[in-house]
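Right after this note come the structures.
Same chain, two partners: subunit A is paired with subunit B first, then with subunit C.
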Partner chain A sequence: MNTSIGLRSYWKKCRQVIEEKRALDLIFSLMSLLVIAILPIFLTSAYWHGVLVVAMFYALAAIGWNLLGGYTGQFSIAPGAFCLIGMYSSALLVHYWDWNPYLGIFMSVVSTATIGLLLGWICLRLRGPYLALTTIAFAEIIRGVIRFSYDITRGDLGLSVPKLYGSGVGHLDYYYTFLLVVIIVQIFLYFLIKSKIGLYLQSIRDDEVAASGRGVNVVWWKTFAFALSSLICGLAGGLYVHFIGLASPEMGLLMNSGLIIGMAVIGGMGTLAGPLVGGLILHPLSEYVREFGVQHMVVFSFLIIVVVRFWRAGLYGSLKNILERLIFHG
Partner chain B sequence: MESLLEVENITLGYSEDIDILHNVSINIAPSTITGMIGLNGSGKTTLIKGIYGFLKPKQGRILFEGEDITDIKPYSLIYKGIWYLPQDSSLFPYLSIEDNLYIPIKSLQLSRNEMKKRIKEIFEQFPDLGEKRKKKAGNLSGGQQKMLECAMVLLVRPKLLFVDEPVVGLAPKVATEMYERIVEFLHWGMTIFLIDHNVRKVIELSSYVYVMSLGRITSEGPKDHFEGELKQQVRHWLGL
Partner chain C sequence: MDKDAKLLEVKGVSKRFGGLQALRDVSFSMDEGELIGLIGPNASGKTTLLNIINGYYPPSSGTIYLDRHRIDSLNPNQVAKQGVTRMFQATRIFPRMSVLENMLTIAYAVRRIPSRDIVQKARKILARLSLDDMIHEDAGNLSGGQRKILEFGTCFMANPKLVLLDEPFAAIHPELKGILEEFMIAHYEEGGTLLLVSHDIPSVVASCPRLIVLNVGTIIADGPTEEVVKKDEVAEAYLGGIV
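After this line comes the complex of A and B, so read on.
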């Protein structure tokens, strides 16, 4: 009897702490990452390890886009372009000047943050379709410049770069590297979203004019969101290029941006765990479907339609709503 | 007359070639309610938008406590102690009640303890909001949303408060509560600029009243100038 009462009061306290600290999202994220950490025990083939690394890349890019699209409400269609910039920033430095790949990845982060800041500034007064079109145009310019600067980038042939851990190292090392980066990014974003900055970004998403009247410097925080979101996409691109060993303009295709955005939407926009869930379910699923010879994009597109129609909050977003009702509101 | 806010010959509009306000001048005395009445489309809300920095005046200037704030950005008005209670909701519907309250108060850069103290006081004054503090503001009823907006005012404690059509769409009971809150704001030491369709209420609450018609101030004076047979007077002021 006493044990039961003790447990109940302990659970009540836990609930209060989780609600107060808005930690449900973080707990779910960390639990998902724990599952991801032990996944290679069950999926032992090198092929599937490779698939999981790519899924982690997409998840990281979707997490980056989610900060801008999901939390700040700025519908950019250029996450693929920022991954591309991240890839080529490091690839060019490593290929031509023999920079250390780690330093190259650092420069990916710096360059994408700077270009993101610039794009954010250009897009300040744009909303809805105008913003979307501008970011599409930006993405196409970046891809076009890279494709046609053949003397420097080798165009569609791509630029070969050394892998992060040299040749002969298995996919698992990359897998856990990505995992570590995603954990750090998720924890950072958890604290960011919980802070004043997170509230400001979400207020801009809900109503820019009202936010401005409530003391939020909309211009500054929108630009900040653009830069940080681009930085995370650039980080994903920088890591990815040193996993596959080739920088190719294909990453900048609109289809890739669509994939990244789709993962965030299907997982749950404006949630911490949503893009992670989206990336880690959808990429392996599309690879699995590919084995049967079915066009994976057809399945992916069909899923988007189903989720948007029936679970607008996304897979994790809907689950989160249910969990919140069960845990916090009985 | 001592002024907290002076608007001097403001002309402004939403586009380059069409002016909505023409040489509008008003003075708002400290610790009073100054009212403004006028028909729909006369430019009352546009005037607030101009003062608040959402629209840029083509000519004229705005002085707050003697300082020129004509080109000030809306987000920085909170630091000056100016707040706007708009006609439409200015809440963030997907954020919780608590977060809605935290956004302006975090802009004020108060100490953590002061913030918590003010939030606690607010939830004591508005127990309904306190109970639902983790619920999304968009899920509140119209009346509760208005109360949340009032809670924000008490939280921020501005020197000057613009109140634009505070009771539109509210049930009579909530509307009465809303007017009581406006008087309460005055007792908190705030200066209020009230715009409302309810002419009698504006005159009852205000110590000085402006009448606006087609973007111009057509009449003004202390409240006793506006007592008597209102219907005829209003028709005259509004040029009907």
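After this line comes the complex of A and C, so read on.
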């Protein structure tokens, strides 16, 4: 009897916590990351550790894009370009001036935030296809400049850079570094989205005209979202380049931006956990099917069509809807 | 403060959209604590006038003062921060945000009440509007009438100096309309200032002590409601003999 009352009051307390809409997102995100944290105990293959590092890189980029596309409603098609800028910002400084890679990564963050701010300002009055086309044009300019500045960037050959933890080290150091960064970014975004800034961003997504009439400085907060989203993509790029040891313009291909956006959409746009789930499931899955000689992009594209057709809210988004119904409506 | 200073002063405002003259030399003023009904046939310029006061359109000529501060060159968000809130004719809410979040957004953005009081105030208003049991529901899941009530409620979240209501009673259930009317009158009786645009003439006449009538972008009558409705041209052309 007492146990049952105790359980009931505990469940009531849990419901009160979850009632705050985004708490479910954070709980699910942290649980997913906990699974990733203990996975190496069971999964000992260095190859799969590497695959998961790349998955976390994509997840981080998708999380960054989601802030702009999912929470603020600005459909940029340039996350890959910002990863590219992040990669080269650090790569050039480390390659030519022997900067410490950590300082290089810091500069990746600074440079992408600055360029994101500039792009945000350019795109202020653009919406829908106009915004999408402008960001595509921006991405192509960045990739083109890097490809054709052969004397500095070595063009398509790529620029070799030292790894963060030196050569000959397994992937586990990188694995936990990426994991830590993703956890910090997720917790930061959780508090940001549940703060008044999160309310402003989401109000712009839902109705820019109404948001402005209700006192939200649309110009400022859209630019802020562009800068912060770019910063996260830049951070992902800066970390990634010191994991693979090579900066290559390939990252700026539209296909890569499509992959990043696709991961956010398949996972669940406008949710905290969605892009994380998208990145952590889709990249390993595409690597898995590659073993069978299947073109991973075919599987990926097929998945996008299925999810968009049947689960518009995305994998996590749909699960969240079910969980909310179970928790709040019995 | 100057005793004669008006809360809102609209002076010689005109608005032209290409070849269309939407407003022509519109002038009127509002004292603090007034409830004014703004009526007129379709395309008479009522919503355009609200859009200009609200900062969505700059006037082609003329000036607008709120509390002696010129506001006709401000953006909508700056006008909102000065204390002007607005309910739109076509309901505008944030559908993917909860009912409570819809209420909080304006209060945080305009910064006119202390942060610590905001949630409590939102809950109080939602309770008065019978939306308190839907506080965590996504606003997009509300019915059309409930959405309208929610948007109405947001207007009162941040101690507004002036509330602009554009067709608040259109297409809602009489019971919900009663809730809105009651709330609006209570706000007026507490000293609030409201400008009500509505085609629901009986409601406007019953609740507004002063009436302004617009026709083809020009004010054709402005005065106490009982006097304005007696004017032949107003009664015949715009009130259809209802009063």
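Note that in this section the second predicted complex is superposed on the first by the 327 of 330 C-alpha atoms of A that agree within 3 Å, B and C clash if a C-alpha of one lies under 4 Å from a C-alpha of the other, contacts with A are read in each partner's own complex, and residues count from 1 in each chain.
The working rule: contacts are C-beta pairs under 8 Å (C-beta built on N, C-alpha and C of every residue); 3 or more make two chains touch, one makes a residue touch a chain.
All values derive from a computational prediction rather than experimental measurement.
The superposed arrangement places subunit B and subunit C in clashing positions on subunit A. Of the two partner chains placed by the overlay, neither subunit B nor subunit C lies in contact with A:312. By the touch criterion defined above, A:127 lies against neither subunit B nor subunit C after alignment on the C-alpha atoms of chain A.
With both structures placed on the common chain, the touch criterion links A:212 to subunit B and to subunit C. When the two complexes are overlaid on their common chain A, residue A:325 makes contact with neither subunit B nor subunit C.
Overlaid on A, the two complexes show subunit B and subunit C touching the same residues of subunit A, namely 19, 196, 199-200, 202-203, 205-207, 209-218, 270, 328.
The residues of subunit A lying in touch with subunit C in their complex are 19, 21, 196, 199-200, 202-203, 205-207, 209-218, 270, 328. For subunit C in complex with subunit A, the touching residues are 54, 56, 75-77, 80-81, 85-86, 88, 92-98, 101, 104-106, 108-111, 136, 154, 158. The part of subunit A that touches subunit B in the complex is made up of residues 19, 196, 199-200, 202-203, 205-207, 209-218, 270, 328. Interface residues of subunit B, counted against subunit A in their complex, comprise 52, 54, 73-79, 84, 86, 89-95, 99, 102-104, 106-108, 134, 152.
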